[in-house]
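As written, the chains take the letters A, B, C and D, and residue 1 is the first residue of each chain.
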Amino acid sequence: MKTEWNEECAVVGVYNAQNAASIAYYSLFAMQHRGQEASGIATSNGEKIITIKKNGLVTEVFCDETLNKLKGFSAVGHNRYSTAGNDSIADAQPLFARYDLGEIAIVHNGNLTNARQIRDELIKEGAIFQSYMDTENLIHLIARAKQENLIDRIKEAVLRLKGAFCFVILSRKKMFVIRDRYGFRPLSLGEIVNSDGSKGYVVASETCAFDLVGAKYLRDVEPGEMLIFSKNGMESQSIMLPNPHPCVFEYIYFARPDSRVFGRLVYDIRKNMGEELARENPVEADLVIPVPDSGVAAALGYSRQSGIPFELGIIRNHYVGRTFIEPTQQIRELKVKLKLNPIRELIENKRVVVIDDSVVRGTTSRQIVKILRDCGAKEIHMKISSPPTISPCYYGVDTPSREDLISAKMSHQEVCQFIGADSLSFLSVEGLKRSIGVENYQYCQACFDGKYIV
Amino acid sequence: MKTEWNEECAVVGVYNAQNAASIAYYSLFAMQHRGQEASGIATSNGEKIITIKKNGLVTEVFCDETLNKLKGFSAVGHNRYSTAGNDSIADAQPLFARYDLGEIAIVHNGNLTNARQIRDELIKEGAIFQSYMDTENLIHLIARAKQENLIDRIKEAVLRLKGAFCFVILSRKKMFVIRDRYGFRPLSLGEIVNSDGSKGYVVASETCAFDLVGAKYLRDVEPGEMLIFSKNGMESQSIMLPNPHPCVFEYIYFARPDSRVFGRLVYDIRKNMGEELARENPVEADLVIPVPDSGVAAALGYSRQSGIPFELGIIRNHYVGRTFIEPTQQIRELKVKLKLNPIRELIENKRVVVIDDSVVRGTTSRQIVKILRDCGAKEIHMKISSPPTISPCYYGVDTPSREDLISAKMSHQEVCQFIGADSLSFLSVEGLKRSIGVENYQYCQACFDGKYIV
Amino acid sequence: MKTEWNEECAVVGVYNAQNAASIAYYSLFAMQHRGQEASGIATSNGEKIITIKKNGLVTEVFCDETLNKLKGFSAVGHNRYSTAGNDSIADAQPLFARYDLGEIAIVHNGNLTNARQIRDELIKEGAIFQSYMDTENLIHLIARAKQENLIDRIKEAVLRLKGAFCFVILSRKKMFVIRDRYGFRPLSLGEIVNSDGSKGYVVASETCAFDLVGAKYLRDVEPGEMLIFSKNGMESQSIMLPNPHPCVFEYIYFARPDSRVFGRLVYDIRKNMGEELARENPVEADLVIPVPDSGVAAALGYSRQSGIPFELGIIRNHYVGRTFIEPTQQIRELKVKLKLNPIRELIENKRVVVIDDSVVRGTTSRQIVKILRDCGAKEIHMKISSPPTISPCYYGVDTPSREDLISAKMSHQEVCQFIGADSLSFLSVEGLKRSIGVENYQYCQACFDGKYIV
Amino acid sequence: MKTEWNEECAVVGVYNAQNAASIAYYSLFAMQHRGQEASGIATSNGEKIITIKKNGLVTEVFCDETLNKLKGFSAVGHNRYSTAGNDSIADAQPLFARYDLGEIAIVHNGNLTNARQIRDELIKEGAIFQSYMDTENLIHLIARAKQENLIDRIKEAVLRLKGAFCFVILSRKKMFVIRDRYGFRPLSLGEIVNSDGSKGYVVASETCAFDLVGAKYLRDVEPGEMLIFSKNGMESQSIMLPNPHPCVFEYIYFARPDSRVFGRLVYDIRKNMGEELARENPVEADLVIPVPDSGVAAALGYSRQSGIPFELGIIRNHYVGRTFIEPTQQIRELKVKLKLNPIRELIENKRVVVIDDSVVRGTTSRQIVKILRDCGAKEIHMKISSPPTISPCYYGVDTPSREDLISAKMSHQEVCQFIGADSLSFLSVEGLKRSIGVENYQYCQACFDGKYIV
């Protein structure tokens, strides 16, 4: 059962920067792919925290005028993936509150598996909840913690949480960063140099944010680590016993290919997956085409390993927005056609290998096979650069429940038949491991094997 | 010292109505004059409370689409007067929360004089505050109250509050209405008849809301009274010892003239004030002109009593919006001229009595005298239909602090000189009493005499 | 038959002003009551004409940023009353064109009775029409006129036009103002003083614009007159034989009461109408109430003459916007109730004289009688401060066709019955003349007597 | 010298379709890459033409409500590339006019080289111009043509035009399509089948539109051809002696790779260009990376021919919108970094071949070299899949004037030095020809050789 609403998102924290809000803004822009529903930034000038958040893309939420209001040397920011149900923007982040130690603003990427339980306990103790966000739990826990100073309070609070979390917490003077002991979600630490030569820090879900703001990648925040930023610089504490199980799906789909995630370049691993896929599932074919954009790197790998030529046989329309006129009868299969247009001249009478990153419900794969078939493909071999998804994620990824996962309820043969391909192959779990290529592989792959660490 | 930010606003509650959101919408529209900053409605269908709120006028916040999402038989709504400082809409109402008894939405008109104290206590106990509204106090107090059922919790919570408050509280099944024991702010009870013949209820800050939605005025909610609306109908309990001190300023300025406030028609009282003013401050003059729209009824009374002809000598431009191009040097005194244009032909070479409702800082009066003088008025006699405002209000009215109240820091003669009139008169406190004309007069007039009941 | 779409609007022209666009903006704001559909301003800096226009109120169309783009010493501006049918803003003014003498921008208030005929002729000659505005005719006629210079061209073009027109024409260096020989629509000339002491000019449909921008009223533009503004100052030419027939309806309804129209103060004439109405149609009653805002001055006059007390018995809601949620069944007669709320306490058991300016279709009057009856009025005497409207206007007023004019198709008795009043009275045509009080009265009153001058 | 403002755009025409506006909408969406400034559609129901147009993307301009207003069986639509200077939307298309034969709406892709001359003649004859679009010329010419029927009028008018043009003209009953005799700009004809089995037609700038709306590609509209669509079906006439010189730049940059332009698949030709580039300009290197998205196909070709591995070494951010916060000092080279992020891990210490489509001013290439250099590239070999651009385009492409074309004013060596690459190569004109691979090659390549056909 899925608990609450804290799926795949992006967080950023900035400390000791001349224009913290601006750095946060560009970082969020670089990580826009992790959430397009809402965006927000809170800054502190040492005296007061100001928060601005709204539904929309980063570039829609902020303009020069609003960004100028966000004065201060430190900032936290957030891109939200989706808001289930409500109209209100109550669920946008950062979440701001006043409490006994002053003011606080928090951003969160992850999903607490004991969120409901903690909330029920807090509510029993008289707490009120104004949103549907896990983040609200943490603020309550901090506010009610018995320790005297904020650092100890945060520790006490965080130790009650289970599941996946990357928190960046802004107080008026300091900033705190915590990553859960499993390190499910990525979080990296970078350094910026101000124009006066002083140094500042950036933490962000993906390193592509560092590239844009000119930050130097230092290292990942460690599983179980808390970073404390103050006028004395950065301090690190290990507050939970680390038991690293980073999410393998970041490599497969979420992260930008130019990001370094869990210490490794996403683009490389995706290419490896394609190569493994070719080794495990050879087929005679005329060309390899990716489902853009997520399948491109794996398709390059597949092509390189198999020797079958790579072609950009499906073109993506990047102007797809949020509001669309309902399609008329005349325009069929529109939903996928609005985004993807196959090139008939390349595909007609060809044996085509199609590379996609994953199959969830199977409906999109089915539509893709259909539009390729309509272009006259002779054979369609659907190759998936990950194993079959059979279990939902409870650690921050917005997967449907098990009954909607096609590989959980159909046999391989049935899935192949449903999507209409001539053949269907998935990368094996072993192949996935080889693609990532680390010794002592401990990645969380519960979505593929159902083994939940928490 | 002014405590927090809960000035003059409008509240509405609707119970057992076929289209509760629609009734709330039109009620708020009728009471738009009490707050133009933000508007919101929460409805319950018995299972779930949905809240929509945004900055803007009622007609800007809601459209058919949003109103249709607010399904249910009960509703609470709010017009907000102003939000000090923050960009965020965190301070719009209704305030929604989940707590141990389920879901709750609250609207509030008034100002708690012990808000800060209660908040500090609550914060000490571990509560977090996400807004700057007094209303958040009440939800916390209800959530932490020791009683078992909601009715008793509300009572326990409300008994801790001091100051002025009209609360309408929506739970999933019921609605609760509370007015403070002094009855500072108005709150009336009306009855609606559904198309199936069943009866429903409306409570609203002003009766002009009843006129628009076709509700029948039943009576005022009593000071210290709690109304409980459930499937069993309406129940009344006296939960605080009543000590009525209704706000006399509602008669002078806030309420619409067509509203019946504290049991009396505002229009009539304003005319009485004008008559009293004429009795107390006779002057030889050629015409009486009101500062529109608030001075019109008093000017009619002054004219009737004095026999000096009434003329609409200043015309108001009703298209004044919120965004204005900054005036150039060529266009002087623009701020008042954008709204008010005196008719030179009526005023030139005339002895003019100008009727306004009150003098706060004195700057507007000064500008009005100036534009009349520019039209060639021979004499300008400024007559104010209320006593000099010398003390700030702590009970829900947005007055400036004492040092900005011109009558608190200047003598009568100095004020007259400052505004530039030939003479200046205020209604006496005794005249004010006579205008209202009740025996056992107990109105709060702390703004005029500095005697605060709380 | 109604020809085209140039109904009641406002025009302004500014010449030799330091900030011509700003003066035009405030002038249009003062005249917003003459048109709320669209607004536009064109300015010239001597080299180039720039035009900005959009649907919406003046304050919605322009902001600091847009106004700053409108640089120049001269400007023309326009408020549009309504656009029949089309979505496009093609029909907003000013109309801009390039032609053989350079660039030109035109604004227009009025209605050409031979617009269709001229357009057909122009179209036969090969002209194309991109809008539905009469104004486009004039530009074509100027572009095709045989004279060499612009002044002679304008004369030649204007002489072909029939009907009602006030044109303000901007070329890159000059400005031209023309009023038709009948002077149907008002147009006044004012003088402004720049901060360097130099003088500039403003022409506007109503003098309330002068009051706001600090212009001094000089005189009306004469029927048949052309004003030419250039670096040499202002020159006047009589280009058409004047035959003044100014529109009497400006006094009755259109103009702001604080405007001086056709040389006379509107407010005074409206009061006179009320007094005449009282003389012609005495009745025994308890109070006189106006339908706000247009009936207020006449009601004051009626009260003064009759001795029956004046009361503001109907309160107007000034927040009525353009977008409204469709009323539910529960809320009846909403359309008029949204704007107007009668005060029951004043009306109940009273004999009421209601003063309105005119009766067109009769439906609004009927609704007003209904809401007063619902308040318990004992008798309702509807008194109209103008004669029965029996003929449509072809000179710039947006009246319905004859079959929709209730007084054109029903007897007086039937109209009274339709609206449901106890009695109904109109001002006589003679009474109207006396109200205006000029010798040699030549006003156009075709709407009342069907005598069309053109 | 560049004449007016009709650069690279998209046009569409739809005839005899059940929902013509919807087909036009999706076609414009598929061709959004050809113009993002403004969008518009005009439809005819046989009686009346309705036009809606506005600034913004197709999905921003139209919603269900607006699209529903565009009723009719025929439609023309337009995406606009940019509007020089003016704020107004006067320059959006379709352009609508009433003239002696009724109503007409026109869309245009191209640029008339004698637009100014014709306009001057028309203006001398008394025409007025309300926009800055070439299209207005054509409407005037049609309106003034001496022939009796519209077909002959269009012919007469079109024969006076020089330059590049693809017009789609909508009358109330018919639709007309004309392509200039050189066939500079692409225009294709497709067929749709209505749900009742009847056939309709679509003409569009690119065939990717056909793919989305399910139209079958029939053929290109021929240079010099006029198509006439009426209730009798489609008729073709050759109205100008064809002299085909299609624009070679469509292959290099403009068209979507999945479009078939001038009878050939764009993707194929781009790959060929890359292969030719590799043959002409071999280099020893470690990897080939494209500047996305326009360089991808050519980079694939280069890699295939050279054997050097292809890598997506630069990742593009597709969320780049129109409004950006001005970059602070801390964030350098932001303009290109906002869009493009190189992957350091791939590039560091590598000899890199970078494939881009063209060099215009040289500044973008310079920034790209800079960000690659910052990533530690050992060698950077910039390879351009087209010859040096040395002459501006007068046939509908928005190129800067000659003095801003870096290859027109610098030697090859200087350009290489300016952009900072280790080597710089362009495709030769001969290589370009071979890439396209047609016999009797007659493409317009004036931008590369300065030989203008008109």
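By our rule, a contact is a pair of C-beta atoms (placed from the backbone, for glycine too) under 8 Å apart; a residue touches a chain by one contact, two chains touch by 3 or more.
The UniProt protein names, listed by chain, are A, B, C, D = Amidophosphoribosyltransferase.
This one's a predicted model, so the numbers in the text were calculated from it and none came from an experiment.
Enquirer: Can you report the angle of the rotation that maps subunit C onto subunit D, using C-alpha atoms only, to the nearest 5 degrees?
Expert: Fitting subunit C to subunit D on C-alpha atoms yields 180 degrees.
Enquirer: Could you grab the centroid distance between subunit C and subunit D? Build each centroid from C-alpha atoms only and quote it in angstrom.
Expert: 48
Enquirer: Can you compute the centre-to-centre distance for subunit B and subunit C, using the mean CA position of each chain? Integer Å is fine.
Expert: Result: the chain centres lie 36 Å from each other.
Enquirer: For subunit B versus subunit D, what separation do you get between their C-alpha means, in angstrom?
Expert: 60
Enquirer: Spell out, as numbers or ranges, the residues of subunit B touching 2 or more other chains.
Expert: Where subunit B is concerned, no single residue meets two or more other chains.
Enquirer: Sort out which chains touch which and give me every pair.
Expert: A-B, A-D, B-C, C-D
Enquirer: In the complex, go through subunit B and note every residue touching subunit C.
Expert: Spelled out, the residues of subunit B in touch with subunit C are 17-19, 22-23, 25-26, 29-30, 32-33, 36, 57-60, 62-64, 67, 192, 194-195, 208, 211-214, 256-258, 260, 265, 267-268, 296-297, 300, 304, 309-312, 315, 317-319, 321, 323-332, 334, 337-338, 341-346.
Enquirer: Using the touch definition up top, name the residues of subunit A that touch subunit B in the complex.
Expert: For subunit A paired with subunit B, touching residues are 50-53, 66, 69, 86-90, 95-100, 123-124, 126-130, 139-140, 143-144.
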